[in-house]
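Before anything else, here's the structure in question.
When the chains are written out, they are named A, B, C and D in that same order, and each has its own residue count from 1.
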Amino acid sequence: MNVRVGVIGVGMIGQDHIRRITHVLTGGSVTAVNDVDAARAGQVAAVLPGASVHATAQDLIADGNVDAVLVASWGPAHEEQVLAAIGAGKPVFCEKPLAPSSAACQHIMEAEMAAGRRLVQVGFMRRYDAGYRAMKATLDDGGIGAPLLMHCAHRNPSVPPYGFTTDMIISDSAVHEIDVVRWLFGEEIAAASVLRPRRSGRAAADMQDPLVLLLEMASGVLVDDELFLNAQYGYDVRGEIVGETGTVALADVSEVTVRTANRHGGRVPVDWRDRFIRAYDAELQDWLNAVAAGTSAGSPSPSSWDGYAAAAVTDAALEALRTGQRTAVSMAERPEFYAK
Amino acid sequence: MNVRVGVIGVGMIGQDHIRRITHVLTGGSVTAVNDVDAARAGQVAAVLPGASVHATAQDLIADGNVDAVLVASWGPAHEEQVLAAIGAGKPVFCEKPLAPSSAACQHIMEAEMAAGRRLVQVGFMRRYDAGYRAMKATLDDGGIGAPLLMHCAHRNPSVPPYGFTTDMIISDSAVHEIDVVRWLFGEEIAAASVLRPRRSGRAAADMQDPLVLLLEMASGVLVDDELFLNAQYGYDVRGEIVGETGTVALADVSEVTVRTANRHGGRVPVDWRDRFIRAYDAELQDWLNAVAAGTSAGSPSPSSWDGYAAAAVTDAALEALRTGQRTAVSMAERPEFYAK
Amino acid sequence: MNVRVGVIGVGMIGQDHIRRITHVLTGGSVTAVNDVDAARAGQVAAVLPGASVHATAQDLIADGNVDAVLVASWGPAHEEQVLAAIGAGKPVFCEKPLAPSSAACQHIMEAEMAAGRRLVQVGFMRRYDAGYRAMKATLDDGGIGAPLLMHCAHRNPSVPPYGFTTDMIISDSAVHEIDVVRWLFGEEIAAASVLRPRRSGRAAADMQDPLVLLLEMASGVLVDDELFLNAQYGYDVRGEIVGETGTVALADVSEVTVRTANRHGGRVPVDWRDRFIRAYDAELQDWLNAVAAGTSAGSPSPSSWDGYAAAAVTDAALEALRTGQRTAVSMAERPEFYAK
Amino acid sequence: MNVRVGVIGVGMIGQDHIRRITHVLTGGSVTAVNDVDAARAGQVAAVLPGASVHATAQDLIADGNVDAVLVASWGPAHEEQVLAAIGAGKPVFCEKPLAPSSAACQHIMEAEMAAGRRLVQVGFMRRYDAGYRAMKATLDDGGIGAPLLMHCAHRNPSVPPYGFTTDMIISDSAVHEIDVVRWLFGEEIAAASVLRPRRSGRAAADMQDPLVLLLEMASGVLVDDELFLNAQYGYDVRGEIVGETGTVALADVSEVTVRTANRHGGRVPVDWRDRFIRAYDAELQDWLNAVAAGTSAGSPSPSSWDGYAAAAVTDAALEALRTGQRTAVSMAERPEFYAK
């Protein structure tokens, strides 16, 4: 079966997913697009044979030629669009965040529960990364004993000098670790704290960069996450889980080792696409496969609950950033509907 | 466009390519199969919606529902099948070897030249491996200066005690390095020699395992290739090019690093599929894309000429194995048709 | 010149230093020993040609045959013994801690200042480790820009089930990082906090193991130090400094890489002696050289001030452990006498 | 006991050993020096308290103030000087080569056997390198099964454009691998061959650089040794033993890992002293200890027999270089006197 996908939002991320569905993955094609910038939508559709352009997200969702919806619009629009897709009974892949507020995420969960089946996958792609998957397999196999600590680092070479705020280090960057540690450890995050190291002179004047986010899992596992958005030297995502009898860490990713000029070593990725391109491919292929099969994607597919939980932890982390205090995460009970 | 592929030979490799086309790659589907074992062909086709089973390879090639042919039969059948596909004007992907003898490969080249366009891609998948590609990019960028030497190792955990001969170490295993060094250095191999190290007690009694194949490139670059088919510890393919100002080597492939029991380190792949799965995906996607575009795949796609050259070097290496002497490679001139 | 060393305290550490002076280093010999256990002192002296045994530390210090004093007794005895050596005008190497309380360390500084010359070296051997030295060289060369963060881990395979308290994780283990970060960054520590991750089931029931010590340098550089005394898998000391433009980390220490059983990798040291044996050699050789030259050892030799600072930070860290609060370090001004 | 050492030859190597005995090692002092350049001898002695300068090597050897002799003169003088030391019954440490011809080495063995005790240690320092020692321990522990192959590389950044001949690549550089593989595998080398890869444009016009030396051990273990004297990028010595069930390789030597400018990695040593300084220290300390104990140094101390064997293999390798043919090593039987 070929899944006919309608894409809402055709900015950088949306276009990348369209390229992926069209040229890389199997079992899907893009049949409709919509964007707040109608001209951009038209340009994108022009090179997609047979794809229609819709004036509104609602029209796209209602299109009989659309089996499933991919939401890549800006965050504030997600709630309405995802709810509309659920209302139409169509599977929806929603880029992170599911919605900017945990209340909005709850509305989505309620609608999905009312619909009676899982229709939503959230774009937390790290769960599909070969490194994190091998890490989880090692952990789950008992190879390092019960987990106690995790050390993370999330470094970008740079962010634009204007427009990227300290809050966004939490909501846009740390949210990836927030999701992935929930998945790795199979439990919720109970509290968050934020530490403020010496600021880099390369960061914008009003930005606390780097910062360290501390996450306390329900079991007591402590996660420290260094977030450094202006690290200059490359895009580097690292993680090490410390267990009772050993540790497991993401390996360096470099295809070759070079020896020149009294140095030996490998390369560091230049950006997040370079690092996670195969994870993006895998998450969307998993979604297409599930849609084609008429089921929701199973593990490790992130659900609305995962989107909600990430939003709730993000809220706590932002509060911790503002107040300087350890902040407990306020979360609803996990509905049976979202049991693993 | 969807490329309708007919698959000749549905043993392990053929079935793996069918899985790939059906579930992993984009732009192709398997519409016909043939095998010397008709029952096996039927079983494979049974789970491919709409796929027909043909009694002969010729029937499959003639099928109007087949746009392109994938040859995964045993080596001695390749020549006839590839010639038939060329005769039918259909693109053909042929698993290595293109044909067991260099004379047979020449017949294929002649037929292809007579047909007036490139129709054949040979299954040397290493050119599509991210490691070798990064190695070639480093070399071509001048980062290590002109190449002088290359050290290779090609280790399998084990081969069956019966049926795998010393000759096959050259023709089945070393042929991968034979192709990949031609591609890496962009030149032909001029001579081959074989060295006989101490035999492993884990090898069959009549097998010279490990052995070392020496390849002399036209420019004088010397390649030493350790072939060890019963290396026990894993499937390990390694390579280091030594240039005038530096070296580049394939990096270890392990997603994570584990620290337990006074050891730190990563995993070694268990077999060739584990190691090269993405290269297999990439070579066949490249072929499907080229077929869909109505062109032959460009670089790094291996052509009939590459299949012929590998066969000619294999002949020299087998002669060197038999005689214990350095053996010059006997090869025709490269036709303009196969200019890069 | 041959430095005649008197050793006070001939337990495990003392005997190891005696072996070092006698069989490994140059320019020194052990001519006198003392221990609270007179029998043990006698046994040790028996194999040291010409060495005398003294009933008291004071007698040993007064011995005309002793040029310099090495204090390897238990911590509570250090203050009196070091003061006596200073009083006798003899150089003294004192194992860490210089003294258990910062007040005692201040007494030693006062005596040393009164004596008018630097006579004391404290046994913080990590400053002499090739890894930390290369790390500092990289930092000082500007290769990674201004430092912002440091991540440390200090893991022991295990500690005895009785007698090793949570306080000792700070005072015995973390004190090494406390000293080394002061030296690496060339500045004092302003505050300490302690985090309590999930406890390991391998730790004694009343022990908080692992724990994380946070140290804030005067400049704002933030150090997180994972201390894990029952890590099982080996003795592993790790560190990574994150600067404005790059990072520098201690490399794994393994002489060889082994590939067996689908794994590749190196060894992790079994204990602290295995890891730091050359640093112990280097610190004591540096001391002997300085004594022979009639000077105090220069950089990186740890002084009384360094011993005092470590004690003051240890006090703050222990307070943070007790209260769960971030605790400012209370320290005297650095006397000009101890300027770098 | 303090060993009074007389040093013959105070060029770069001789001075380095004097520095080592005087400032690094324990149990020895330099009491006499001799050099063909008397002025240089005088300058060196001037900073050695109490050291005398002798006009001839014979005078130095006869000096009652000299317990043991270190020969660091040029190769052609070694035979006469070592024989004189043996004649005087004094232990002698002789820099490699023991003597330039195997016949000369035999004279030394005969004299030593006539003297009735082992008096000679040859300066093959790699046996004392921590990497090679760990490699041998892994091999001897059975961790990788019986050895079958060894891959070596020996790369120098550069050699002077004049005066360093292709022969010297064998006699000065490869001799280190010749000795170390004999020691690693505990057996003799049966034959040698030389391969000529593409020449580096950085090498002198009449120099075959790089070259590959093949060594066949008596058991059939095959060693390939890449020798590259103008490798530009650093001083890099590598080795991997391939056994029946695994491999063991020298690890990269770098104290730290740096991440900057999209690269991660470590340093490559700048020269042989940087790489092997601790091995030089250890070999000479071992010698001093043995002399002080009145014994010859045991394993891994290289004996006259080892010096002879290295010379015999060097002869065969030079012959192979000249003729292009595989050349059997011509060696005497190992006398019982030199049994391990």
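Note that a residue touches a chain if its C-beta (ideal position, glycine included) is under 8 Å from a C-beta of that chain, and two chains touch if they have at least 3 such contacts.
What you see is a predicted model; the values in this text were computed from it and never measured.
Novice: What are the chains that chain C and chain D both touch?
Specialist: Of all the chains present, those in contact with both chain C and chain D are A, B.
Novice: Compare the CA centroid of chain A with every other chain's and tell me the farthest one.
Specialist: Farthest from chain A by mean C-alpha position: D.
Novice: Return the chain pair with more inter-chain C-beta contacts, choosing between A-D and B-D.
Specialist: When B-D is set beside A-D, the one with more contacts is B-D.
Novice: Report the inter-chain centroid distance for chain A and chain D in whole angstrom, where each centroid is the mean of the CA atoms.
Specialist: Here the centre of chain D sits 58 Å away from the centre of chain A.
Novice: Using mean CA coordinates as chain centres, what's the gap between chain B and chain D in Å?
Specialist: 44
Novice: What positions in chain B touch 2 or more of the other chains?
Specialist: Residues 233, 245-247, 254, 257, 259-261, 266.
Novice: Residues of chain A touching chain D in their complex?
Specialist: Against chain D, chain A makes touches at 233-234, 236, 252, 254, 257, 259-270.
Novice: Touching residues of chain C toward chain D in the complex: what are they?
Specialist: Within the complex, chain C touches chain D at residues 22-27, 130-131, 133-135, 138, 143-144, 245-251, 254-261, 266.
Novice: Can you list the residues on chain D that touch chain B in the complex?
Specialist: Listed in rising order, the residues of chain D that touch chain B are 145-149, 151, 153, 195-202, 210, 212, 214, 217, 219-222, 224, 226, 228, 231-233, 242, 244-247.
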